[in-house]
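What follows is a set of structures for review.
Consider the two complexes below, in which chain A is the common component and chain B and chain C are the respective partners.
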Partner chain A sequence: MHTSREFFPFIGLLAVISGVAIYGYVLQLTQGLGVTGLNDVTIWGIYIVNFIFFIGISHAGIAISATVRLMKLHRYHKIARIAELLTIVSLAMAGLSIVIDLGRPDRSYLLVTQYLKRFKFSPLTWDITAVGTYLTLSATYLYLTLRQDFKLLSERFTGLRGKFYGMLIPLYEVGEKATIDRLSFWLSVTILPIMVMVHTTVAWIFALLGSRPLWFTAFAGPYYIVAAVASGLGSVVVIAAVMRRIYHWEDIIEPMVFKGLANISMLTTLIYIYMMMAEQIGALYAGPEAEFLVSYEWIFGSFSGLFWGMTTLGLILPFAFLLWQAFKPGYVHIEGSAVACTILVIAFWFKRYMIIVPTLSIGIQQVGIYAPSWVEIAIMLGAFAIPILMYAIITKIVPLIELEEEETH
Partner chain B sequence: MTKSNRRDFLKKVGAVGLFYAFNKIAVDYKNVGVPVLRQSTKVQYKDPVHGANFGMMIDVGACVGCRRCQHACRLENNIPDEPSNMHWIDVYEMENSTPITAVESIPPTGAVLDYEESPKDDHWYLSFNCFHCENAPCTRVCPTGATYADEDGIVLINYDLCIGCRYCMAACPYNARRFNWWDPKHETSRISPVDGSVVVLNEEVPLRTRGVTEKCTFCVHRTRDGENPKCVEVCPVSARHFGDLNDPDSEVSILRETERTINIRENLGTRPKLQYFTRGVKWNKDGEKS
Partner chain C sequence: MSSVILGLTQALMNVASSESGHVAPLPLGYLVVGIIWAPAVVLFIAALVGKPRQAKITTVFFGFVAIMVIVFIGAVFGLSALLGIFY
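What follows is the complex of A and B.
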C-alpha cells in the first residue's frame, strides 16, 4: 500500500500525544491514583467513562460484519473489515482503560486466578467473561476472513514481505475457503447475541448497585445498547469516510453505504433521546430524594451546561442534519455525514461522563467535587491517540478492503 | 513511667524501627525510579469468634460530636495523618430540622463535615463507620474476593487480594470505604490530639499500601479478644455500644430489645449491624442534658 508524505507527521503527532499519556501513567503508577482528580466520594472518573465509551464503539464492527454476512447485504461488505478492525482496537482500549483505573495493576492477574470463586457474585467478572468471549470470537472471525487475503499477498510479494505474509497463514490448505466461509457464518450467528450481552453486562456493572441514583434502573441494558449502536456506527462512518478520502476508494465504497449507516445512527440517536427523556421525567416528577437531586443537577443545576450542550448541539443538531439527508431520496453528503457523526460520537462520550460523575458526586458540599487532573486528561487523549495510531499502523499491514472485492473492479 | 513499661515501650519502638528498616529499602528502590508497589505487612486477623454476631448501636441523641472516636480510631488502626486526611469514622453536623429518618444518602445532603465547635444548639451529630451489613453489597461485587464477611459478622478486607478497582466503594450505600490514593506516610509515633499522649504504630493492625481499599474493622484485633472497639472505649458520653447480637444478655441485644432502633437507608435491604437509637436526650452547649 502506498504511504503518502503526510502519513509520517500525522503518526508523529499521535506518537507525541501517546508519549505524554504514557508519562502521565508512569506518574500515576509511581505516585498513586492521587494524581487524578478522584477522591473517596467521586471514585470513578474519566477512565471508566472511556471504558464504557470504547465498549460502545466496539459494537459497530462485528455487528456490521455479521449482519452483512447473515443478511447478504453485499453493498456493505466493503466496509466490513474497517469496522471489524475498529472492534478489535476499541475492545483492547476498553480493557486497557480498566487496567489504568486499577489501584494495583500489578495484581490484575487476580481477576483470572480468583475468577472461579467470584463469577457467581461479581458483575465485574460477568463483564470480563462477556468481553473476553467477544474479543476472542471477534479476533478469530477477523483472522479467518483474513487468511485468504494473506495468501494472495504472500503470492503477490516476493522476498521478505511475502515471507512475512506466508508466516501469518500456518497450515494453509488450497480448498479451505469453503470451510472458512461456513465457520464464519456460524461465528456470525454466535457473535450477534454475545454482542448484545457485552453491553448489557457493562450496563449491569452500574445498574446492579441498588444504592446509586439513576444507575439502578431496569432499562440500563437497552439504554446502553442503543448508545453503543449510535456511537459505534457513527465512528464507522467517520473512519470509512476518512479512509475513502485518503486512499481514493471513491469507486470502491458506494456513497449510499454512508447514508445507510448514518440512517441507523440517526434512528438510534432518536430512540436514545426518547429514553433519556423517559428516564428524566420519572426521576424529576416522582423520584426518591437522591434520584431527584441527580436529575435536578443534570437539567437545572451544576451539570446543566454540559447536559443541554450535549443534548442540543451534540445529539439534536446532527440528528436534524441526518434526518434531512434521510428524507432526500438518492442524496448523500459524505463529508456532512462524517462531521455529524463525529459530533454524535463526541456527544456520546460526554453522555457517559454525565452517567458516571453526577451520580457519584451529587449532594456533597465539601468533599467529592470532581475535576479531572491534567494526568487524567493526558491519559484520555492518549487513549484516543493510541487506537488511531494502532489503526493507522494496522492499515499498512492488513488489507482493509477484502482483496477479491478489489479485483472485481 | 515504670521500668517495665519503659522496656515494653522500647521493645515496641525497636520492632517498629526494624519494620521500618525493611520498608525503607522498598522506598529507596522507588527513589531510583523503579515503581515498587509495596506489599502490605502480613499481619493475620485473629480467628473469628465462633457463634458470635457483632453489632454496634449509636445513641444519636447522646452524641456531642467531639470526634474523640475518630481520632482514637486513627491512632489505633494506623491511619496516617499524611498525605490524605483519611478517617474510618466520619461525624456529620446535622440540622435539627433534618431528622435521622430523613437521611437518604451518605454523605447526607446539607451536612457539615468540617465543623469547628461542638455541641451546638439546634444540631445533632451523625457519627458513622462501616455498617458491617448482614446483606453487604460490597462483599458481593468484589471481583477477587478481597472483601468478605467473616463468620462472626465482621466485614473485612484482605489487603493482599485487593486490586483497587473501587467497585466495593461504588456499591457501598454508606460511603464507609476509603481508598489509598497516595502512599500512606506512617510515623513511628504520634501525639494523640485527645489527651496528648505518645502513641506508637499498632503492630496488631496491618499497614495498608497505596492502591487498596480500607475501612472500619470493628477493631477486629480487640473485639475478637473480648474487648470493646477503641471508639466505644473512648466515647465520653457512652453514645457508642458494642457487643454480640447472638448473646441475649449483651448490651447491644438489650438495647435492640428495649429501644426504638433506626436503620439508615433501610429500604435497600442491607440489614446493617450499626444501628441508631435515641433516648430523646439532647446535650446543650454547656454539656448539660436538656
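What follows is the complex of A and C.
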C-alpha cells in the first residue's frame, strides 16, 4: 500500500476529468438529451457503447478467480484480486452508463416497482436481474476472501486504521478459513453460469429486436461473450502490468502469468474475428436489403475507415504480436503484451460502437447522422476516469495481493 | 383515390388479422430469470447444508448478500430521488 509522490497528481487529473464529466451531465439533466448528438433515428450512442464495454470488462475478474479456484491454477491466484476489483468497479460503471443514457433518470425506480409486470417480456429487466445477481455474488465473493486479510491488517495497524479494519470483520472466528473456502468454492461454481447469462442478456437487448439489421441473430450471445472474454482478460493484463511495475511485484507476479492471460485473449480475439467475418459475409452476400446496406456501409461506406482501422490495427496487429509471442517457448514481453492488450481493449470499444451506431443510423430510415457532442465525449471520458479513480482509491484500502502470498516473498 | 387506399388498407388488415401469431407457450422471461437464479438457489442450499459449517460465517454470508441487495435497490431509489431534483 505504498503511496508514491506521483499518486496525488494522478488522482488530481482523474478528479478534474471526472469534474468536467459531472458538469456535462448536469447540463444534460437541465437541458435534456438535446445537448447530445442523439436524435430520433440514432437513439443510442456512446453511453450504450460504454454500457456494453463495461459489462464485457466485468467478465474477466470473477471468471479468472473462479476458474483459478475450480481448476487449481495456483500460478494465477496472485492476480485474482486485481481482476475481482475490476469486475466490481466496471459493473458499477455499466449500471451508471444506463442511467446516464436515460432521458428521465429520475424514473429509474420504475425498474424496481414495475419489475413483476415487466420481467416476463423485457430484456432490459433480465439484464438488471443478471447484473444485480452477478454484482451481489461477486461482491460477496470478494468480501469473504478478504476477511482473512482484514484480520491481519487489524492486527498490524494500531489506532483508527486498525479499528477500521476490525469493523470490517464482524463475527470473526478463529479457524473460519475452511468454511470460507467452502463458500468460495460454491460461489465460484455459481458465478460462472451467471456471468455467461449477464452477457447473453445484454446481447438479447439487441438480438431480440427483429427489425434491426445485424442485431437480430441467433449467435449474438456467444458473439458478445467472446468479445467480453477477450477485452476483459486484456484489461487484466494491462492493470496487472501497471501494478507490477508501480509496486515492484516482479517476484510475486510471474511473467508467465501474463503470457497465459494474453494467450487466451489472443485466441478469443481470433474466434471473434472469425465470427465477425461470418456475420459480414452472410449479410453482404445473402442478407435482406437492410442487412446488406448496413454491412456495405461497414465495409465500403461511411464507416469503412473505422471498421478497417479497428480490424487491422486494433485486432489483427495485436493478435499477430501475441501469436508470435505464444509460439516462442518460455518467452514473454510483459510491456509488449500490455501494449497489445491495451490496443485490443480500445478496438473492442470501437467494435461496440460499430454494433450500435451504423445499425441505428442506416438500418431502417437511412437518414440518421450521429456525431457525439462535447457533452457526450466529456461524460465518456469521465466514465473512464471515475472507475480508474475508484480503483486507485480502493487499492489504498484493500490489499491487491493476498497478504499470505505477499509475505512469502 | 382515398377510397382505393382505404380499400387496400382494409385488404391488408384482413390478411394481417388472419395470420396466426407465433406465441411461445412460456414467456421467455420465466426461462431467463429461472436460469439466472437457479445457480443462486444451489449456492444458498450449499451454504446452509454443506460442511464444514459455522453458524457465524453462514450468518455473515447471508447478511452480506442481504446488504448488497438492499444497497443495489437502495441505490436505484436514491439515484432517482437525487436526480429528481433537476425536474
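By definition in this document, the second predicted complex is superposed on the first by the 404 of 409 C-alpha atoms of A that agree within 3 Å, B and C clash if a C-alpha of one lies under 4 Å from a C-alpha of the other, contacts with A are read in each partner's own complex, and residues count from 1 in each chain.
We adopt the following convention: a contact is a pair of C-beta atoms (placed from the backbone, for glycine too) under 8 Å apart; a residue touches a chain by one contact, two chains touch by 3 or more.
In this text the structure is predicted, and so the values were computed from the model without any measurement.
**Q** Applying the touch criterion given at the start, work out whether A:Met197 contacts chain B, chain C, both or neither, answering first, second, both or neither.
**A** After superposition on chain A, A:Met197 lies in contact with chain C alone.
**Q** Per the contact definition in the header, classify A:Ala371: touching chain B only (first), chain C only (second), both, or neither.
**A** neither
**Q** Looking at the overlay, does A:Gly103 come into contact with chain B only (first), chain C only (second), both, or neither?
**A** A:Gly103: touches chain B, not chain C.
**Q** After superposition on the shared chain, which partner residues are touched by A:Ala178: those of chain B (first), chain C (second), both, or neither?
**A** Second partner only.
**Q** Counting only touches as set out at the top, which of chain B and chain C does A:Leu116 meet: first, second, both, neither?
**A** Neither partner.
**Q** Would you sort A:Ala218 into first (chain B), second (chain C), both or neither based on which partner it touches?
**A** neither
**Q** Kindly classify A:Ala286 by the partners it touches after superposition: chain B alone (first), chain C alone (second), both, or neither?
**A** A:Ala286 sits against neither chain B nor chain C.
**Q** Determine, under the contact definition given at the top, whether A:Leu160 touches first (chain B), second (chain C), both, or neither.
**A** So A:Leu160 meets neither chain B nor chain C here.
**Q** Quick check for you: in the superposed arrangement, does A:Thr30 touch first (chain B), second (chain C), both or neither?
**A** A:Thr30 sits against chain B and chain C alike.
**Q** By the touch definition above, which chain A residues appear in both interfaces, chain B in one complex and chain C in the other?
**A** Correct list for chain A: 26, 29-30, 104-108, 111, 121-122, 125.
**Q** Name, in rising order, each residue of chain C that touches chain A in their complex.
**A** Within the complex, chain C contacts chain A at residues 27-30, 32-33, 35-37, 39-40, 42-43, 46-47, 50-54, 56-61, 64-65, 68-69, 72-73, 76-77, 79-81, 83-84, 86-87.
**Q** Going by the contact rule at the top, pick out the chain A residues touching chain B in the complex.
**A** Going by the criterion above, the answer is residues 26, 29-34, 36, 38-41, 43-44, 98, 101-108, 110-111, 114, 117-118, 121-125, 128, 205-206, 208-212, 288-290, 293, 360, 363-368.
**Q** Can you tell me which positions in chain B touch chain A when the two form their complex?
**A** These residues of chain B touch chain A: 30, 33, 35, 37, 83-84, 86, 104-105, 107-110, 112-114, 137, 140-145, 161-167, 169-173, 175, 177-183, 209-213, 265, 268-269.
**Q** Would you pull the chain A residues touching chain C in the complex into a rising list?
**A** Residues in contact with chain C: 26, 29-30, 99, 104-109, 111-112, 119-122, 125-126, 129-130, 132-133, 135-137, 139-140, 143-144, 147, 170-171, 173, 176, 178-180, 182-183, 186-187, 189-191, 193-194, 197, 201, 204.
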